[in-house]
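Okay, so chain A shows up in both of these, paired with chain B first and chain C after.
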Partner chain A sequence: MSLTDQAFKKKMHGPGREVWGRVLLLAPAMVLLGLFCVSVVQLIASSFIEEGRLSLSLYTDFFSRADYRDIFLRTIRVSMLVAALCVLLGYPVAYAMWRYKGNRSHLMILIILPWLVSIVVRTYGWMVILGPKGLINEFLAWAGLVERPVRMMFNTTGVVVGLVHILIPFMIISILSVMLHLDRRLEEASASLGARSYHTFFRVTLPLTVPGIITGTMLVYLMSTGAIVTPVLLGGVRDRMMGTQMYQEVIQTFNFQKASMLAFLLLLAGLAVVLPLQMLERKLSRFMDQRGS
Partner chain B sequence: MLKQRWDTIGIWAVLLFMPAPILIVAAASFSHDGYIQFPAGELSLRWYGEFLTDARWLRALLVSLGLAIAGAVLSTAAAFLAALAVTRRQSAFTRYFEVAVMTPLLFPHAALGVAMLSLLMMIGGYGTFAGLLLVHCIITLPYAYRPISVSLRKLDREMEEASMSMGARNWYTFWHVTLPLVRPGIITALLFSFILSFDEVTVTMFLVGPFITTLPVETYSFIQESGTPVVAAISTVLVVITLLLVILLERLVGLEFFVEPDRK
Partner chain C sequence: MPHFLKAKCVAGVSFLALAAGIGPAASEELLIATWGGGVEAVWEEAFAKPFKEETGLDVRIVPVPTPEAQLRTQAGDPQYHAVMVTYPQGANLLKDGMIELFDLADIPTAAETNPDYLMRSEDGKLAGVSPYFMYYGIAVNTDLATPEEFSSWSNLGDEKWRDLLAITRPIYLSSYDLPIMARAMGGDERDPEPGLDLLKKVAANTLTTYSSIAHMNNLLTRGEIAAGPYYSGRVWHLRQQGAENVTMVAPKEGVLMIPYMLVVPKGAKRLEDTKKFLDFVSRAEPQLRGSILGGYLPLNSNAVLPPEAEEQMGMTFKELMERVYQPDWQYIAEQERDRINMLEQLIGAVE
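Now for the complex of A and B:
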């Protein structure tokens, strides 16, 4: 116990008041967290209850329909693809930003501003670019390269392009934050010992930044499975994803139980990827600590 | 040499790719037809006129601003009080609390939307401002909590002890020593949760009713209904508001918070 705590305790006349003080300080956040927990319990419970009895029928109905299975699998497939593309595209960007000699703050704004702008706006931006009367098609028509507009949205391609652009800041920021706290001297040591630059990169820099890649992958995958706006606006009605389906169940058919079931499945699909990744990350950091010491 | 060239290419890729859709929407918003054409069509402000004269949009804008201001203040306050209690004394409970407060981040937004809808159906508040406000506080709490707890942990407790050992009262120390030292964290929390709440759409779209809606959700529905290019003008306004807040954040405390490591 530090000096301040003792002084604090003395001024508050005994331990009882101090405990109550802490409870009071925590109360507002605990209320918010409590309501969050209640909502999750309610969500899960309502997906297992049918006509007042415990039942798995919502789940068995879901998996017995091929079109629903497609939606579920497509969501996972698209999200994995988006996460992989974000790693491939985001890593070089983070690397370039890390090595950038000038004012990094200006580059940060270029990543953070698009990241914070509403998803609706960014998705609309891609509609203006990819649409049948969009930037690319207008340009191609003007240049005389195509007769009819090329179809770039209302299919999975459009969804993937939009989601990668929307989610890549999570990846760049996760990787960059690991890079910025790397010891630059490790690279210098490797280089001074005569390692070639690609060798230094693959043997030193890349392994040390894997935790950033893992964090970024988790975030991008989770956000992608839970997306609604981008799949609806860029994917259209044919190639639906879980988010789209849930929104339809709620808004069009008012089927909250089915939406809850879908939400719980989505949660499980998220955890199935996130928990192993978290374990891997923990193992990795323990391994590196041992090697380091 | 080769590496240098790759660095430059990487930087230019960021410069072009990241803001491209936003810049293109902004450009489209000033065109007469609302679409970018080759060669460029005539310029006009008609879509901004349509935005500013339609009560539907203005009401949604007011709701969004009110929600973002009230939500940011409330969730920052809740986060600040909790962080004060937690960072002062470590125990098993505080460690659980720190994990619990971040849990909503592990929820895909669509699932969060359904969960929040079932909450508002249960306790009341579906389709009301209070209901939306409550949900925005729940979803911005982790984002407000993190910068504050980071800055409280960095705080030098000896400064507080010095103040108190020289006879300052608790409140005086709190107001004149603690608060100024964690101000960067509080400002980050306020602005960050304001922006998130102002631009939030995926969770909010489950909760809006016939009498209340936010600007991003209304814009989304409008794109689906008809989608006249007034959307481009609204989008540009949303971007400008976000841009101003990001610049404010950069000027006041810098953007380094975003690349702080998770653990110490």
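Now for the complex of A and C:
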């Protein structure tokens, strides 16, 4: 074996190999990240350029229109409501799954089962239940409780119901994943110190699962802000959201600049909620670490 | 090169070719993009199958939500050999230079089409072919309303229909609803003001905006709505499928004539075969098959609508032609964005 071969082998088996290994492993992720960043920058930049010059006209036009301002605020309002409802409904489910003594994977399959069906089909399913000629209205009319069908869809209620149904699994999984890492001895310690079960829940379990709630809230909120199918199928004529408006600009009117502007505003609306939540999560973790130590 | 290495190279290149979509299967069929919701089935039976029988060339009809969007997003590398679009969409595609242009000699049967509905470029070239038209009237669910209650476009504005109507998306509202309502109320596509007042009342009565043909079919047949401006061919198709509770009304002020075009994306491959298909769909016989199956009204001047089709329509072809309104589609296409903005604000302000 020549000296050069030996030096090469030494290099490839030494600390240099580890560094090169890491670089190679990171390379695909860096390429993806680079492409993503370039696309986002390009997307944002195109919304500030009009006829080759820097311009804010798309943004001023947007905020000067009352219907667009309504769409923007409605998107934030509905997304917050959906996230809150997902916490309220998803937490008990996650808690019950955590407590379940049998095979938890069977319950998990039930939670993710709706994902096997297309979102369009699931949304149409709500029409059959909530529509003016749906099951509930037919029953109410048959029972003589109402004369005219109750409006449960083609309005904001329908959109919220549809989005909660579609997004709640994300909340359940986020909360459950945190619960599964909880040390059950903490509950035992709380009980041995005389705390009742609800005290243990509110002072031990709930605070420790807040990171799961925050992660789930961020996921659900962000996905709600960009929802298209549900607002289109379950919303009324005045229930447009940012996602549906973007869809129209991209697929129907081919106004990509306007769609970029809407996407950037949506990004800002997302960050306005996600960043404070992340800060809160970090503060809580620090606080709990301090209390724990 | 060792035999084994050569085999590996061949296998690798074949895999890459397949991955890139250069397989023979991709070039065997002519791919035609149309709307879904039943449109593709009619195209399959009326045009694709008879064409294959005659020429041996395979045609696959691909249903997509917005054919024009497919054409635009695939600009430079078109995946479809031809795309079905509405007349105003054809005008916009022609203006943007996104479609192939042809001489009449390329598609000789196009000469049989009424020249008013053959779109041409400034230098007289054909922008595609127009095989048929539908009319835009009012679809009514007869469980909830009688056809007589919608004998005028203005009936859609009656308060008794609150939450019982559906309207289309702003892009089609600007192209179809606004011109015909303007016309019905004394204006036209250049003077839309009278139509705006009616459209405002209609929007106030509207339960939802339908996002696709399938969506509106569902709303109508389930009785979620009593009525809505809609396409004659779609109602025809619904009735053929057994939806007896849906009917089409042609209001007394007239109906909007919507010609459809088959256009070829710029740079599409297999142009010679595509020209043969365009020539085929320009003929009277397949267009008449489309009439029977889907209620599409032929634009070939030699086509004579059979009595059963006229019976289904509730009037003769001649009577229909006296009631149809053919607006200036070029003007409508030019005004599209401004009108969409205007209509979005109008709907957004409705209480």
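Methods note: the second predicted complex is superposed on the first by the 247 of 293 C-alpha atoms of A that agree within 3 Å, B and C clash if a C-alpha of one lies under 4 Å from a C-alpha of the other, contacts with A are read in each partner's own complex, and residues count from 1 in each chain.
By our rule, a residue touches a chain if its C-beta (ideal position, glycine included) is under 8 Å from a C-beta of that chain, and two chains touch if they have at least 3 such contacts.
Note that the structure is a prediction, hence the values are computed from the model and not measured.
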{"item": "Touched partner set for A:236, first chain B, second chain C, both or neither", "value": "second"}
{"item": "First (chain B), second (chain C), both or neither touched by A:248", "value": "second"}
{"item": "Touching partner for A:173 - first (chain B), second (chain C), both, neither", "value": "first"}
{"item": "Which of chain B and chain C A:132 touches, first, second, both or neither", "value": "second"}
{"item": "Touched partner set for A:49, first chain B, second chain C, both or neither", "value": "neither"}
{"item": "Dominant toucher of chain A (residue count), chain B or chain C", "value": "B"}
{"item": "Chain B versus chain C as contact partner of A:150, first or second or both or neither", "value": "neither"}
{"item": "Partner chain(s) touched by A:189 [first = chain B, second = chain C, both, neither]", "value": "neither"}
{"item": "Touching partner for A:22 - first (chain B), second (chain C), both, neither", "value": "first"}
{"item": "Touching partner for A:67 - first (chain B), second (chain C), both, neither", "value": "second"}
{"item": "Chain B and chain C footprints on chain A, overlapping residues", "value": "124, 127, 133, 232-233, 250"}
{"item": "In the complex, chain C residues that touch chain A", "value": "65-66, 69, 72, 163, 167, 169-171, 203, 206-209, 211, 215, 218, 222-224, 336-337, 340, 344-345, 347-350"}
{"item": "Complex interface listing, chain A residues touching chain C", "value": "65-67, 70-71, 124, 127, 131-133, 151, 154, 232-233, 235-238, 240, 248, 250-255"}
{"item": "Residue ranges of chain B in contact with chain A within the complex", "value": "3, 6-7, 9-11, 13-15, 17-22, 24-25, 28, 35-39, 74-75, 77-79, 81-82, 84-86, 88-89, 97, 100-101, 103-104, 106-119, 121-123, 134, 137-138, 141, 145, 157, 160-161, 164-165, 169-170, 195-196, 198-202, 205-206, 216, 219-220, 223-224, 231-232, 235, 238-239, 242-243, 246-247, 250, 254-255, 258-262"}
{"item": "Chain A residues within the chain B interface of the complex", "value": "2-5, 7-8, 11, 21-22, 24-30, 32-33, 35-36, 38-40, 42-43, 46, 92-93, 95-97, 99-100, 105, 107-114, 116-122, 124-129, 133-135, 138-139, 141-143, 165, 168-169, 173, 176-178, 180-181, 197, 215, 222-223, 225-229, 232-233, 242-243, 246-247, 250, 256, 259-260, 262-264, 266-267, 270-271, 274"}
